[in-house]
Amino acid sequence: MTQMSNPDDSRFEKGREALARIDGEAGQKVVDALKDIAPDFARLLIEFPFGDIYTRPGLDLRSREVATIAALTALGTAAPQLKVHIAAGLNVGLSREEIVETIMQMAVYAGFPAALNGLFVAKEVFAARGV
Amino acid sequence: MTQMSNPDDSRFEKGREALARIDGEAGQKVVDALKDIAPDFARLLIEFPFGDIYTRPGLDLRSREVATIAALTALGTAAPQLKVHIAAGLNVGLSREEIVETIMQMAVYAGFPAALNGLFVAKEVFAARGV
Amino acid sequence: MTQMSNPDDSRFEKGREALARIDGEAGQKVVDALKDIAPDFARLLIEFPFGDIYTRPGLDLRSREVATIAALTALGTAAPQLKVHIAAGLNVGLSREEIVETIMQMAVYAGFPAALNGLFVAKEVFAARGV
Amino acid sequence: MTQMSNPDDSRFEKGREALARIDGEAGQKVVDALKDIAPDFARLLIEFPFGDIYTRPGLDLRSREVATIAALTALGTAAPQLKVHIAAGLNVGLSREEIVETIMQMAVYAGFPAALNGLFVAKEVFAARGV
Amino acid sequence: MTQMSNPDDSRFEKGREALARIDGEAGQKVVDALKDIAPDFARLLIEFPFGDIYTRPGLDLRSREVATIAALTALGTAAPQLKVHIAAGLNVGLSREEIVETIMQMAVYAGFPAALNGLFVAKEVFAARGV
Amino acid sequence: MTQMSNPDDSRFEKGREALARIDGEAGQKVVDALKDIAPDFARLLIEFPFGDIYTRPGLDLRSREVATIAALTALGTAAPQLKVHIAAGLNVGLSREEIVETIMQMAVYAGFPAALNGLFVAKEVFAARGV
């Protein structure tokens, strides 16, 4: 991925490490899938969300994943990304129960269908991870 | 509010305590504002979100407020409730910085306008609370 | 509004009658407010939603207003139009109670904030109408 | 499902009856699918939407299903639940035509794609039901 | 499709020509798919979006497709229609690069998941078109 | 704003120039309003949307503003940002008519309320700008 480097190498490197630590292989798969359609978007995805946001102090990674799982469940338009971030939640130390509670709570703020659809995504991720 | 009691007194009582602890006066104001339009909805609001959800074990209240602040910022359709829950976040021990980080992160998942509008709601709440 | 007439006079006339019967003065105010920004949009608003949709057989006007009140409450992005259609619901024979129940039910499908915001819009309309 | 019973048996029993009457087997399938991921959410789904909301007087079941079909079509994020509620609409006496009209009307409030996607869900349900 | 004709033949004819020019076969497929569920909706789809809107002067077709691709990407609830309009963008002269840039920009306004999902729809359309 | 500089000065400088050229004073007001709540978010807002996205080749600024106006109108949750970008559209050479057409077209994709609310925002901006 050296072709993606730019003068702002530190953000890219920080982002790449954060992406690997948080999303694991799933993050790399998204980056790879972008190669022939929008390679610059892969770079921006690494630099801004991961290089700029997830590496900020002030909020621990577990809370950051609670926030992301909650938001993606509530929006209801991002099942593939919710899947990645439920796995990311496990990666950074959230328990299965904490993830399920976060999703259930969204019934209050975005309705039961949003929570149901989120729970079924979680069911799939937990099965694949054997947790 | 004795007129709201029903056979299921324990959920209502648990919910009322949770609402007071989490939302403080702001929660009671919402309940009061519903009295002449939909008093039963005030009871349901106390029983389901607060009696059933926020009192569940498995996710601490700080994480529950991170989830709610994230979701309401991302949805962008619930400024009055976001205001209540930013105050609730402070009530249950989130720092000003943790709340700001949660909202900023939503730029990644729901766009910059959602995060900006959330930050300006937070600014108003922090000013009112003197934090 | 003769300047808005077009070859398709029957849709426009049917729509204008439907708009007046359903939305009353509030509909006319919207049409007037569009005059200096997008007069053609006023014509399209009369022709498509009112001339083409609300005048169709197969669903009575009361049910049409239940559908509209439900959808606008759930979307949460259209308070001015929800206000017009809560008044329209009263115009076509829905009771205050039926409107409140429709909005409350949206807590299940779009979350409590959506329902709360809808109820407060209804409260305002009922106060203005003295019902 | 005796393991789901709680002190508030009447809400659960009322909800279970309402769920069976309205959603039929489809409702039970959702409850079953939740068993190994979030069994408590199955109980909450029965108690709040069905025990608390659908059993309320003040709005007939046909109108409640018009409201739900309208809202889920407009939101556009809940195809599985829209499917269940189009079938539920038929169960409580809505005609095929009334359901189609409700969905078509959403073009006005949520755009043509929302209405189109809703109509294609309805087409699938009607085919399965042979109506 | 003569059964769809109505007194307002000019709008229908104008719309049919615009639909064919912009959406090509994909538009006709949608119209055909509506035949047994909601044939009138096929007529309305031709008359309002295509007969009334896309044929208006004041904004060129390339800009109209930029607007539609942007909006459908941002909403995130209309993948089938986004697919049709990415192809339509190519039909009216947008380059592959202009379409990719439009979708990427939506990361700013609707978040990275919306942009990612839009890019993957574009990837599929470009592959099918061999561009 | 020297306190906002970081090692990645070129993105920040490029972004600041783009922000000034596109959004004019309105952009600076947003940056200033963030100073006491989230100064880093002001920097990120300049660097990512303006430094990284708007300065990319491959789509002209007029088309970028058509895309943004369309998306913000369709989402319906970002009136303050829509206001800024309708003014930005005028700044980069869109005519009043092109902006109105872009917003009207959103009735097709996000419904009439979204288009109406967008038109009323435009009316306000045009009045303030005297166009």
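First chain written, first letter: the chains are A, B, C, D, E and F, and each begins at residue 1.
Everything that follows uses one rule, which is that a residue touches a chain if its C-beta (ideal position, glycine included) is under 8 Å from a C-beta of that chain, and two chains touch if they have at least 3 such contacts.
Note that the structure is a prediction, hence the values are computed from the model and not measured.
Any chain touching chain A that also touches chain D appears here: B, C, E, F. Common neighbours of chain C and chain F under the contact rule above are A, B, D, E.
Mostly identical positions are employed by chain A and chain C in their mutual contact, as over half of the interface residue numbers are shared between these two copies.
For the pairs E-F and C-E, the count of C-beta pairs in contact is higher at E-F.
Computed from the mean C-alpha positions, the centre of chain D lies at a distance of 40 Å from the centre of chain F. Inter-chain spacing, taken between the CA centroids of chain B and chain F, is 31 Å. Chain E has residues 40, 44, 48-49, 53, 56, 72, 74-75, 77-78, 81, 100, 104, 106-114 in contact with two or more other chains.
With chains as nodes and touching pairs as edges, the resulting graph is complete, every pair of chains being joined. If you check the complex, the residues on chain D that touch chain E are 75-77, 100, 103-104, 107, 111-117, 119-120, 122-123, 126.
Every residue of chain F that touches chain E in the complex is listed here, in rising order: 48-49, 53-54, 56, 58-59, 62-64, 66-75, 78, 81, 97-98, 100-102, 104-110. Against chain B, in their complex, chain E makes its touches with residues 74, 106-114. For chain D in complex with chain B, the touching residues are 7-8, 10-11, 40, 44, 47-48, 52-53, 56. Across the interface of their complex, chain A is touched by residues 30, 33-34, 36-38, 40-41, 44-45, 48-49, 72, 75, 77-78, 80-81 of chain D.
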